[in-house]
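Heads up, the next two complexes both have subunit A, just with different partners, subunit B and then subunit C.
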Partner chain A sequence: MKAPDFDYLRPSSLDAALAMLAEHDGEAMPLAGGQSLMPMMNFRVAAPEALIDLADLTELRGITVDAGTVRIGAMTRYAELMSDATVQAHIPLIGMALPHIAHDAVRNRGTIGGSLALADPAAEMPALMLALDASIEVTGPDATRMIKADDFFLGMFETALDGELITAIHVPVATPAQRFGFHELTQRHGDYALAGVAIAQTDDSYRAAFFGVADRATRVPELEAALKRQDDMKVVLTYLDQIDFTDDLKANHTTRQRLAGVALTRTLKGMTA
Partner chain B sequence: MSRSIDIKLRVNGENVSATVPARLNLVDFLREELCLTGSHVGCEHGVCGACTLTVDGDTVRGCLMLAAQANGKEITTIEGLADSGQSTALQAAFTKRNALQCGFCTPGMLASALGYVNAGGAADRDAIRQHISGNYCRCTGYQSIVDAICDVIEETRT
Partner chain C sequence: MTGPAHIFDKPNRYIGKPEPRADAARLLQGRGRFVDDEKLPRMVHAAFVRSPHAHAKILSIDTEDARTSTGVIAIYTGADLAEHVTPYVGTLTHMAGLRSAPQHPLAMDVARWQGEPIVMVVATSRALAEDACELVDVDYDELPAAVDSETALDADTPVIHPEFGSNLAWERDVIAGDIDAAFAAPGVHVVEREFRFGRHTGVTLESRGTLCDYDPSEDQLTVYYSGQAPHMMQVIFSKHLGLPEENVRVISNDVGGSFGIKIHTYGDEIATAAAAKLLRRPVKFIADRFESFVTDIHARDHIVKAKMGITGAGTIVGIDFDDLTGIGPFSMYPRTSAIECNQVLNLTGAPYVMENYRAKGRVVFQNKTLMCQYRAVGHPIAMAIADGLLEDAARKIGMDPVALRELNLMADDSYPRTSATGMKLDDLSHKRALRKLTEIMDYQGLRADQTEARKDGIYRGIGFVSMVEVTNPSPMFYGIGGAPIASQDGATLRLDAGGALHVSSSITEQGQGTNAILAQVAAGVFGVDLNRVKVTTGDTATTPYGGGTWASRGAGIGGEAMLLAAQALKDQVLEVAGVMLQTGVEKLDIRDGAVTDLEGNERLPLADLARTVYYRGNELPNDLNPELIATRHYRVTDFPFVFTNGAMAAHVEVDTATGFVKVLHFWAVEDCGRVINPLLVDEQIRGGVVQGIGGALYEECHYSPDGQFMNATMADYMVPMASEMPDITIAHIETPTKTSVLGAKGAGEAGTGGAPAAILNAVNDALSPMGASIWQMPMTPERILTVLDKAAE
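== the complex of A and B ==
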């Protein structure tokens, strides 16, 4: 299908974009890469009155490192993340995951900020942010604030954004004490995952974020504690019960729980620096 | 009114100016306004790859980009890739290997394959399959498409 009609606005600055967002009072949606929003509009799941194209906002671009943190502009495209030396050197987990995120043609347009703002429960990027203990920098008409990834994703397509735009993502630089792993199970390479997990291990502590399994990317504290205690894998997997697994046409909750366990087991076997 | 947008872009090397509805996809603009019907419209949600074309040299989904977003961009469709000779070797290999039957996926498949070849991709069947996993073909079973892409890589690098 085709998208319903809307106003197309193309601000040239962050301030102008925020003013447009406020003026439309919740009826406008920011357009980043559009690789998820456009399909949703074509399906008429989303029908915003206006699209505010963020393409010209130079404030949302660039990747810098400062004081042990990599700051990634929200409009950084997946293809740019893949080829960026800073990201490759300091955030290996993103490098592991990117080849699994959709396909070349989609990665050339899709952005990190767009994926986080949409909060698709099956998308990889929210889970990566949870595993990496990233912070999301968001700017509203009056102020800029930082939101921990753990506090950002509130539900299916629901975030802590309140009339604000994501301006950047702050990810801690990987340390020698860390190991990372990523695995997802899909029907076809590049499809949304039926179940997947991203793991960051620091010494004996784990942050394991599952995606594609529930209404949002999810960590399970009891499961992470069991990993830390080096419990038997059979015991670790029982803590997956804590997740409210999705039932849909692609997989029921029993299948999803099993696949999440497979993804976790495989990821833990292949953790690398 | 921001529901119709003035755009200026280059399509296959020619300057184009138009006023387009905000909701018009890039691929629909190319097909219906410019009569460049080589790019096909399949799923309209970015899954099938039939509308794959290049924008400023990068492959993109023509159905997931608005014509309005293409303002100031350089678009190359399969017509442009064929006329400029960029896809000649791939087209010949597709013919030789029977890498198409109905041909619906072929323009998108060629654009994706060209992206792989131009990026220096290896003649590695698994890597090629992974790269073209975003392009559905319902006729060939992909084997012959992978054969054709391998042929071009091996021919051009030996």
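== the complex of A and C ==
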């Protein structure tokens, strides 16, 4: 369980990092905390020629508020998010979810950008971005563009990134008209959930993003519409059929669907209480 | 010999006191010396190419590219090492009929489990060795695998060792009374269940590892070894590498947990020793976590069909069961893989008065990792069968499970006696333990809470287990069957010139506090301050000869040897003191580092006595030749084992929407005889309970139908973690064993052996309003939802 030989690069600017990424033409991987990548390399599942450590890129750090949007630098660690007053005040959903994300040791190194770029279907952060209607700011050699979270996650470990680095996350500031809920079902605290959901409610509209249930974090528009109509929960839950639930050793797709329904029901109950 | 009252009742005696362990500060400051901390000049590193298949013929091995890879020193195949290592077979003569095939350190022609070592690469670093492993090209012809133990004996299942004609490794029947007649008697209710116990493993914090150093000038092999039986390993290295026994030194410094995992013959470790001998330089092998999962011995994996008969008034008339267990492709050497099944046959129902008993055990080969003795060997299965059926029967006849136990447990004043299976029992306290348990847990209060909570749709359950625990094994356990495993242990105490004690013992420390209790016994019985005792364990060159620490034998056997040696040294010192002080020995004692009169008044500091002996012997009479060093050995006689007993209870809440189980509280009352250090015993029991909860709710080695281990990572194999663990309340009853002066019995198996049955019973108690019950461990959310759905149909 030792990683194969690789080059370790530590650029001091975003431009330098992008140049290195281009130079290695797909054979280099950005290192943004390494809480998933390093174990994958030690298992020799991932074997990049080079790691480009983003730790020194000041452009990827900092949390600011401007014009109703919180901008979170991609290299912000979970531990920093947890203790940040801006995030606590303006994005309460992230505050609700963070204690469920792994453990202190992982949260001290893991970054928000790293998690989104990996796009692990069981991770909490992609679902939070979907529920919050966040935008992902990505920068390539030629341009910076904004990708809506809804368009960012394309499949298991698959994103819309194209030779680019995530530079920041843009999340709308929570309004008094909004309420939030988060619930995940794990046998052990800090594990990947068997099923979980993050919900942002704005007036009578809902954005409900499920995670740990399919090949990516997933919203179901018909289910959200049913919530808006205030359909009976039994009816709401039937729209879960539209998710292609995962089968694995911990739970088959039937159990997962059931647990997703429990997570949704319990989250909504908590929000109305 | 001074009697027990004299030793234990005087002030400043340490035995029974919650003394903090002396080595805790060292370990917490990162100054532990685990195998991977050892670094020797010219040391090189081993990595292994392991079989990716559960069963495959090895057609060819091409190592050409790997040999030229950076840093590679040597590459060995099974055939290469077979020239230097004799094969070994995991059978013992007292396990009649047990068969197994010869094993080589690296597979020869056929690979028989996924993870079996095939090729060894030695390189200047572990990373470079792994790089070279990727360049080794092994051509396999994959064979159909025998994976499922239930079909292992079927005619169309591949036979792993064709010379045996079937995959049966061992079978045994135990019959007492007439079970058929007992079950058929009028008024007898019979409950019947099929239990399934998942395969799990030990998951030690420090993985297996060894550093082998060979010095050709003296033909000397020194092995730094993370393990619990140094003298056993000395014999094994000597025998199979062709070295004189005295030329093998096995050193186990700090060991980061073992639980029975590190007490066997692993091919990768033997290969490491062989490579060190061939290369004439130190070779280190540290198993990584993946290697640990696929090669450390696994445990459990039993399917049991069981029945219990009970009268309407609640008298158990008998137990009848059939246990089938899969052990992998070989019986592990040298302890064998039949012991767990044998324990199940011996221990099931042992706390209860019962005349009729019929048990069949079958042990089968399969293409999975080898199974062998993990903490609480056989106990969780035996306890779950008897106490699971007992609580099922209690529900059937409408009797409280505590009342039903009261009715059937052996009376505390009825010993010595034998169990239905013929086990000799003495000094047990089942009824007192159960009464104390219901007291400390407030049983009636919990039942009231249960009733109230159900009204709100909250399903809580209370489950019990009454158990026996095999500890302090005699020569009847292994020695009688021809295993090179010492059943006795020794202790040496030496009084130094400064008045301190240097003591050594053949039992071993693997994190549970062995060294601490040895010091307490030595200091207390001899009479010096605890901080003036230095302890050495885990080195075949410097300790007395003995078995090590396993089967809860350390305190009971090693502790007794220390007590006897301390007493002997005390007698020697008092003889010298008597001469020096011109006083009768019977008027002297040793307390707080000085020879005293019987009232405790100091007469002569030990340092003065020792200096006189060592430096100024001219002051002593010529016919007095003081030794100031004493060694004693101890083994259990008259009994094959010394049984410990206990009673435990679990309080759980089952979320019927998700199938999640939360353990709210756990209680254990243990009678391990004399408690030497309550802090350490309590933590042993707590740690054991946690491992038992792991077996009950979380831990399982999942295999695909073709024998691939599917969850061999710490992310996918779930061990219990601190956040989910309940408070665990411990209480003691002390019924010292009459087999020793110390009176200590083992306590290491208790939690792991008992907790699964208590949790199972608690979950089934919680599920009972829905008419559901579960008999498979681990009790995962999905399995609980499945039985709830079935009950709702």
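Basically, the second predicted complex is superposed on the first by the 271 of 273 C-alpha atoms of A that agree within 3 Å, B and C clash if a C-alpha of one lies under 4 Å from a C-alpha of the other, contacts with A are read in each partner's own complex, and residues count from 1 in each chain.
Basically, contacts are C-beta pairs under 8 Å (C-beta built on N, C-alpha and C of every residue); 3 or more make two chains touch, one makes a residue touch a chain.
None of these values were measured; they are calculated from a predicted model.
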Requested in this report: Quick one: classify A:His189 as touching subunit B (first), subunit C (second), both or neither.
Outcome: both
Report task. In the overlay, answer first, second, both or neither for which of subunit B and subunit C A:Thr246 touches. Result -> neither
Query raised in the report: In the superposed arrangement, which partner chain does A:Gln35 touch: subunit B (first), subunit C (second), both, or neither?
Result: first
**Report entry** Per-residue touch tally on subunit A - higher for subunit B or for subunit C
**Finding:** B
Report task. Return first, second, both or neither, reflecting whether A:Gln201 touches subunit B, subunit C, both chains, or no partner chain. Result -> neither
Requested in this report: Answer with first, second, both or neither: which of subunit B and subunit C does A:Met1 touch in the superposed model?
Outcome: both
Query raised in the report: Taking the superposition as given, does A:Leu9 touch the first partner, subunit B, the second, subunit C, both, or neither?
Result: first
Requested in this report: Could you tell me if A:Ala102 is touching subunit B, subunit C, both of them or neither one (first, second, both, neither)?
Outcome: first
Query raised in the report: With the two structures laid over each other on chain A, which partner does A:Phe43 touch: subunit B (first), subunit C (second), both, or neither?
Result: both
Query - subunit B versus subunit C as contact partner of A:Leu51, first or second or both or neither - result: first
Requested in this report: Go through subunit A and flag every residue that touches subunit B in one model and subunit C in the other.
Outcome: 1-5, 43, 188-190
Report task. Over in the complex, which subunit A residues touch subunit C? Could you list them? Result -> 1-5, 43-44, 185, 187-192, 194, 249-252, 255, 258-259, 262
Report task. Give every residue of subunit B touching subunit A within the complex, in rising order. Result -> 1-3, 5, 21-23, 25, 28, 44-46, 49, 52, 55, 58-61, 63-66, 68-69, 112, 115-116, 129-131, 133-135
Report task. Note which residues of subunit A are touching subunit B in the complex, please. Result -> 1-10, 31, 34-35, 38-39, 42-43, 50-51, 53, 55, 79, 99, 102-106, 108-109, 188-190
**Report entry** subunit A partner contacts - residues on subunit C that touch it in the complex
**Finding:** 125-127, 130-131, 134, 288-291, 657-660, 697-698, 702, 710-711, 713, 715-716, 718, 720-721, 723-724, 780-782, 785
